[in-house]
Amino acid sequence: MAEIVATNQTILVVGGGISGMTAALEAAECGKHVILVEKTPSIGGRIGQLYRYFPKLCHPTCGLEINLKRLRGNKNLRLLTMTEVADVQGQAGNYTVTLKTQPRFINENCTACGACGEAVKAEFADEHNYGLGKRKGAYLPNAMAYPQRYVLDPRIIGTADAEAAKAACKFNAIDLDMQVETKTLTVGAIIWATGWRPFDASKIQPYGYDRYPNVITSVEFERLADPHGPTGGKLLRPSDGKEAKNVAFIQCAGSRDRNYLKHCSRICCMASLKQATYVREKFADAGDVSIYYIDIRAIDRIDDFHQKVKADPKVKFIKSKVAKIEQDKVGNPVVHGVDTEGYTRYATAHDLVVLAIGMEPSVAANNFPIKVKVNESGFIEQDEANGAIFAAGCSSDALDVNRAVQSATASALRAIQVINRVAGTEG
Amino acid sequence: MGDMNVVKVEAYRNSFLKEVEANVEGGQWVKMCMQCGVCSGSCPLGSAWDHPPQELFMMIRAGKREEVLTSSSMWMCTSCYNCIVRCPRDLPITHIMHGLAHYAERLGLAPKNQPTRKFAKLFWNNLVKKGRVNELKLGVALYFMNGLVEGIKTALKMAPLGLNMLKTKRMNPLEYVGGHGIKDAAGLQAILKKARAIELAKAKKA
Amino acid sequence: MAKREYSFYPGCSSQKAASASNYQVSVNAMCDELDIKLNEIPDWNCCSASIGYAEGGELPRLALSARNMALSEKFNPGQDIVATCAACWLATRETKDRLNHEDALMKETNEALAAAGLKVAANQKVRHMVEVLIEDIGYEEMGKHVKKPLEGLKIAGYVGCQTNRPFGIDGESFENPKYLDKLVATLGAEPIENYEKKVQCCGGALAFSEPVKSQAMIKDIIEAAYDGGADMIVTPCPVCQMNVEVYQDQINAKYKTKFKMPVVYYSTLMAVAYGKSDKQAGLDGQIIKATQLEAITRR
Amino acid sequence: MADVKIGAYICKGCGIGERLDAKQMMQVASRDAKAHLVREHEFLCNAEGVQMIKNDIANEGVNRVAICACSRRSKTDAFNFEGVAITRGNIREGVIWVRPNTEEARETTQEMAEDYVRMAVIEAKFMTPPSKNTEAKYDRTILVVGGGVSGMTSAIEAAKAGYPVHIVEKASALGGNAANFLRRVPQKSPYANPEDSGVAGLIKAIQADSKIKVHLNSTITRTSGAPGRFAVDITTESGATATEHFGAIVQATGFHDYDANKLPELGYGKSPNVVTQLELEKMAKAANGAVLKTKDGKEIKSVVFVQCAGQRSSKEGHLPYCSGHCCSTSIKQAMYFKDQNPTIDTNVIYSDLRTPGTGGEEFYRSGQRKGVTFTKGVVSEVVNGSDGLDVKFKDLILNQDVVEKADLVVLATGMIANSGVNIDEVKQDEPGEWKSSPESVLNLSYRQGKDIPLLKHGFNDSHFICFPYETRRTGIYTTGPVRRPMDLLQAQEDATGAALKAIQSIESAAQGLAVHPRVGDLSFPSFRREGCTQCKRCTVECPFGAIDEDEQRFPVFNESRCRRCGTCMGACPVRVISFENYSVDTVGQQLKNINIPEEFEEKPRILVLACENDAYPALDMAAMRKIEYSAWARIIPVRCLGSVNLIWLTDALNSGYDGVVMMGCQKGENYQCHFVKGSEIAQVRMSKVDDTLKTLNLEVERVATYEVAITDIERAPRLINDMAEAVKKVGLSPFKF
C-alpha cells in the first residue's frame, strides 16, 4: 500500500457512510487534508442499501454517484477501506491513531472484470442485502462499490476457490499472501461517523422475527424493493416467494421502549410511509397497507408526505402498538392488538409484516478506541471533554439523512477549527 | 368504608389522577402511560374487559372516577403479567390493576356480584384464619357463593372433577373439618392487623 | 459432591392431599436423585398467590411473604429460598425485590412483622426450583442421571405465565422460553419445537371465578399441543397443571372435543427418567393417566 | 489550435482484446479520427500502461488523451493526468458487456466499438484543458444576515475557523426570537429539565470576538457580485449606507410567529388568556421567576396546550406543515408551571406527539414524570366559560367530546419563514432600472430577482435530501428556520454547517473552482458576442441566477456563480455559448463523425443522450450485469439534459440517425435534477422537436425523451431496445448518404 501522509493538520474521518463521506468531502473541499477510513470493502454505508429516500422518493445512489465523483476528483482526500481505528491517543490538535487494515487479497490491478467471481464456487450470505441473498466468495460488494475492486472473502483463503480465483485473474490482481496491516498516523482532529445499525429484531420476542420468515425488518424490505436486491425489485415474501400485496408496517419496533431502545429512532415512521408507496406502486389497487403506530412522527415540512400517504384509501393507519405476531397455517403473519381509537381488538393476517426497526449506534458505548462522552442511548454528545473528536450523523443521534448531512457538515467545520488553530491560520 | 369514599371524593375533588397516585398501588405510574395500547392487546382476557388497562389509565386522567372504580374490568386480570413485560414505559400494569381493584373494594365501590371479587374475599378469609389455604373449604364456599340453588348446580357440575381429585389423593374430604394450618396463626393475624393499620393510617393521610 | 441445601417454601397446594401433592412427591424423588436437600421453612404461611391483593391490599399481602422470608432467615440462614410453585415464587420474589429497593416499605413491613416478634432483612435469594436445576445442576448433570430415557415421547413444554413473567428464568425470553424443551430433550424425549401456546395464560385463579373464559383459553393450550403432535404436556406450575388437566372433561362437553392429554410436572418426567416408581414419580396423582410414562417406569 | 496533439489508447484487457479487433480500432483512431498517436495495450490501467501514457504526454507532447477502454466511471484513479484533456471511449461497459459474444454479433459489436473510438478522439480534438477563471477573487469575510441564534452561531463558528464575519441585524439587539425565551429544551442528557437558552452566552461570545462586526438596526439594500467578490450595501435605520465586501453570505433570517388572529375558533383575540407559545415565553421571561398570573391577575391553576394550532391543516389560512419544535416546546412550557407548583394542571392536547431522537423521548418522559398530562385529541373550540376558559375537544382515545376548563390556553402556532420576496411572484426590475425593495432580505441585483428562490411553503430549503445546503444562489447559504422549520438544537447544528459551506465557497471561488455538484470544475461558460442575439434565454433559464445582462442586454456570466450545468448552452438558439471542456462541438462533432452505414446495410443508428449522473450509471450497472441492448445505440453522456442543444438532434436526424433517445432524470415536484430544471427544460424544448421532425418529413416515433433513474438497470436498456423496435416499424431514415 502506498505511503500515507498525515500530520497534525490532517483530519481523520471514521466511517464511510453518508455522514463520513460528507464530512470528509466538505472538509477536503475547503482545502483540508483528510483521511477517510471505512471498515467494509466499499463506501456508501447504509444509504447504499436503501432503494429510495423519503419524502422525495428519489434514489440514494443518485446522490452517492455525485459524492463518489466528488471523492474521485479530490486530491486532498485519501480513502482507506477495510480499515478500522484500533487505537487513539493524545489530545486535540495532536492525536496518534493506529489503523488496522484487513487484507482484501486483491490489489490495485483489479479491473472489476469479474473473472474471479465466475471462477469461485463458494457462496456466502450477501451483506449488502442484509443476508437475504447470496454472493460469491470473490465479489464486488455492490454495483456502486467504490473502490470498484473485487474482494476475496477471507473464508475462501486456503481453499481451492482461492487458487481458482488467482488462476482466473489475468491482471495479477490477486495476492493471497496479503496480511493485516497496522499503521500509526498523526492527525489533528477526528470526525467519528460510524453511524448506526438496525436493532436486533430477534430481541423483540413478541414479534417473532426469529420464528416467522414473513416478519422482516424495514432495512430488509428496502432490499426487496431495490432492483439490485435479492428479488430484483419484486416484493416477494421470504417463505414462499409469493407477492406481498398486503403488508403491515409496525412502528416503534425496538424504539421508544424501555425493553429495547428507549429513544425514538426518528426515521422509522417516514420510512414506513415511504415503503407504503412501494407496495402501492408495485401492485396498484391490489396492494393493501396497514401502518400500526403510536405517534406518526413526520416532522416539520415533510408532514405533507404523511398527509399524502394518509389520503390514500388503501393505506390504513391503526393507532396501536402491536402486542404480538403469530403465524397462521398458510404462513401468513397474524398481527394481534387493540386499536386504541375506539378499542377494537384485531387479529389481522397479512402477507408480510415489516418491522420499522429502530437504530442504535454502530459502536457500543464501551467500544470506542478512546473515551468519549455518550448519552444514555450510546450516542456521542457534543462535549468539551471529547477534545477534537466530533460526532457526525447517527453517531450523534438517531437522524434522518438530511439531518445526518447537516451534522456531518457541522462536524467538518469543528474539525477545521482545530486544524486551523494548529496551523496558526485561524486569524 | 363508605365514609372513606366520601372522604376521598372530598379530598380529590378535581383530580382523580392525584387520588389514584396517592392511594392505589402503582398509581404513581399512571401518568407515564403513552397510550400505545400494547397492554390491552396483550391481555389474554382482553375481550372481557369493558375498559382495558390503557383505557382505564386514560379514564383516570380524564377524571372518570365512578366509572373506573365501579368497573368490573380490573377484576378480569388473570395476573399473567403479559402487560407488564411488554409495556414500553415500565408501568407495573398488573399491580395497578390489582391496586385499583383493592381500592375499589376498600371504598365499597367494587361491583357486588363480581365473581372474582367474591372468590378473592373467600380466599383471603380462608387464608387469614389458618395461615394456609384450605382448598376444599375454599372450593365449597366458591360453589355456594352465588346462593344455595346455584351452588348445588355448580357442585353437581363439578362433582366428577372433585371425584377425580379425590381418587388421585389430591383432595381430602377430611380437610373440611380440620386440615392444614400454621402453628402461629395468632402471630400471622397480628402481623396482618398491624399491616392493615399502617395502610389505613396512610390512606387517611393521603 | 456435597449435598446442595436450600430453604424450601412448598406452598399450600403441595401439602398432603392438596391439589399438587403429587408435584411434591415427584420433587422429592428428583431431589433425592440429584442430591438436593430441601429444608422446609418452619411454619410457613400462604403467600396469597395472585388473588390476595383484592382483599388484602398491598402491605398485608407483602407481609405474608415477608413473614416466610423472616422465618427462613431465622431458621435456614444463608440458604437460597426455593419454591416449586410459580405463584409462591413470584409473590416471594416480588416482595424481596420491593423490600430491597423501597426503604419505607422495609420499615413498614418490619413494623408489621414485629407484631409477631419477627424481623426481615430480605437477604436470601428467592428462586424457583427450575432455576436451581438449570443454574446449579445444569442440563448435563441432569442428563447423567437418566436411567430410562423417555424415548419416543413427544412432549409440549407448557411454561405458562408466572414462572415466565415478569421475572422469568435467566436467559430465556418471555415469548419463547426454551428451558422445558431443553429439559425434555435432556431426558431423551422429543420437545414440540413450535408449540404456539407455550406461554398462553390458563386463567390462573380465574379458572374458579370465570370458568367459561378460562376454559376457552385452556382449550387453545391443549389444542395447540395436539396440533404439534404432543403425547403429553409438561409444566413447571401447579396452577397450570391443575387448570390444564382437570377441566378437560368439561371442555370436551362444551366444545365437542376429545381431549385426553396428560399434563405432568417436569419433576415427574425426571423422576420417571431417573428410574423411580410410578408412586415416587407422582404418576398416581394423574387424573388423566400418563400411560406412556407408566410404561416406562415398568420397563 | 495548432498545438493539439491527440494520443489514442486502445486497451485490450477485460476481454476487449478477445472480443474486438484492436488493430482495426487503431486504424479508425488514426485514419478516420486523425489521432496523432495511437497505441494499444494489453492492460492499459496497470502501472505500465499508465506510465506509457505519461511518457507520451511528457515526451511526445500529447495534450489530448483518448482512453478507449472501460467506462468513464471506472479506473478514474489510474486515468488521471494533469494538464491534458481526457476523453473516454467506453468499449467495455458500452460495448462488449452489453453485446452477446456470438459470431453473428461480432461485426455489429466491432462497429459499435469503432464508433466509440472515433467519438473519443473527436471529443478530445474539440476539448481544451480549462484555464483559470480570471474573475476569481479571494475575500475571506463572511456576511451573516440575521442576528438570531442561527446567525450568531454561524458567525461564531466561522470566526473560530479564522474567517472575519459581519452580522447584519435589523432589530436593535442580537438574539432574535430566542431572546424572548425563558429557557430552552434541553440539549444534553439527562434531557430532563429546561435549560438556559444560551442566547446571552452567544451575544457575549460575539462581543468578545474581534473578528465579528455587528451592524444593528441595519438592512441590506443591495447585494451584487459573486462568490469571492460580493459587494453589499448595508443601510442603517437612519439611512446611512456603507458598502462592504464579502466572499460568501449566510442567510439566517429566521421566522416569525403565525398570526393567531386567524384562529378565532381557538379563542385567540377573544380572551386575553389565550396566548401563543411565543407569547407565553415572553410572559414567563417578563415574570422572571415570579408566579405567572392570568391577564386579569388571577392565579393560574390549569393550563391547556393546544398542539398544531393552525398547523398541519389544509384549512384556508392554516399552515399545511408541522413546525417540528412545538411538542417539545409545550412540554418545556408545561414544566415552567409544574416546576413552580406541581398542583397546577397542565394538559397537552395533541394528535401525534412528536419528540424524536434521544433527547425528545427523554424529555417527553420527564414531562410525564412531572405530572404533565397528555391527551390525544383534536381541539375544536376555545370559548370563555363561566369560570375561565372552556376547551372543547374530541378525545380520540376515549372517543368522546370533552369540555375542559382552563385558566390559560397556549396555542402551538407555527413558524413562518422570513424569506424575503417570492421572486416567482414579483416582477423583476429591468436592467438599469433596479431598485431596492424593503420587503427583500438580500436585495440581490441579480437579473432573476432579489431573493433566493423558495422551495415550499415559503421556506427556501434545499430540494436535495443528501445536500441540504444547496440553495439556488451560489455562495449564499440559508440556515435555521428560514430554511425549514426547526428547533434550536437543529438550528445551531445547521448554522455551523452553513458556515462551513460559506468558507468552502470562498476557498473554491478564490481558485476559480466550481462548487457542488461539479466540484472542482475549472471550466466556465463563455460566449461569442458577435453571434449573440440578446434573446435572454440563457439569463432566464439559468437555474442558479448566475447570468445577468449588461446595458446592451448581452449576457454577463459571473463565472463564480456558475455551477457548470450547461443549461445556458442548451438554451442558446444561436449556439454561441460553450465551455472549454464541454461545447456544442464536443458533442455535436462526436455524433456527426460516427459511421452511418448505407441504407441497404440495414444497420440503423440510434443516438442516446444520457444524463451523466443517473442514466449513464444505470446503463453502466446494467452492463455489469451483462444486460444486453441494441448494437445500433451510440451513447453520449451529457452533464444535464438541460445542456442539450436542439442542434444536436437536428444534426443527428439530418445525418441519417434513425432514432434519438434522451434520458434525463425525474422532473416535476420531486425533481431529481441536481441542476434543478434540466430535465424539465429539455422536455419543453423537445416538445418543439415534433416540428423539426415534420419539416424533415420524419416520424415522431424517432425521438423519445424519458425520465430515467439511476436504479433503472433493466428499464434503461429496454428503452433503447424499444427505440430499435420503433425504428424497425417505421423503417430506416431516408437521410442516409
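Order of writing sets the labels: A, B, C and D. Residues in every chain begin at 1.
The rule we apply is simple: a contact is a pair of C-beta atoms (placed from the backbone, for glycine too) under 8 Å apart; a residue touches a chain by one contact, two chains touch by 3 or more.
As the structure is a prediction and not an experimental result, all values here were calculated from the model.
Touch-path distance (fewest steps) from subunit C to subunit D is 2. Comparing each chain's Cα centroid with the centroid of every protein Cα atom identifies chain A as the most central.
The chain with its C-alpha centre at the largest distance from the centre of subunit B is D. Counted by C-beta pairs in contact, the busier of B-C and A-C is B-C. The centroid of the Cα atoms in subunit A and the matching centroid in subunit D are 23 Å apart. Annotation: 46 Å between the Cα-based centres of subunit A and subunit C. We define each chain's centre as the mean of its Cα atoms; on that basis subunit A and subunit B are separated by 50 Å. Residue positions 174 of subunit C are each in touch with at least two other chains. Chain contacts: subunit A has residues 206, 256, 319, 324, 340, 343 touching two or more partner chains. Under the contact definition stated at the top, the residues of subunit B that touch 2 or more other chains are 34-35, 54-55, 82, 85-86, 89. Listed by chain label, the pairs that touch are A-B, A-C, A-D, B-C, B-D. Considering their complex, residues 173-176, 194, 196 of subunit C touch subunit A.
Interface of subunit A with subunit B (complex): residues 206, 252, 256-259, 294, 319-324, 336-340, 343, 345.
Residue ranges of subunit D in contact with subunit B, taken from their complex: 345, 353, 364-365, 368-369, 371, 373-376, 395, 397-398, 402. Looking at the complex, you find that subunit A touches subunit D at residues 18, 22, 25-26, 29-31, 47, 51, 53, 56-67, 69-70, 72-74, 108-109, 111-114, 140, 143-144, 147-148, 170-171, 226-228, 232-233, 256, 262-264, 266, 295-301, 303-304, 307, 319, 340-343, 375-377, 379, 381-383, 397-399, 401-403, 405-410, 412-414, 416-417, 420, 425-427. Of all residues in subunit A, only 205-206, 208, 211, 324, 326 touch subunit C in the complex they form.
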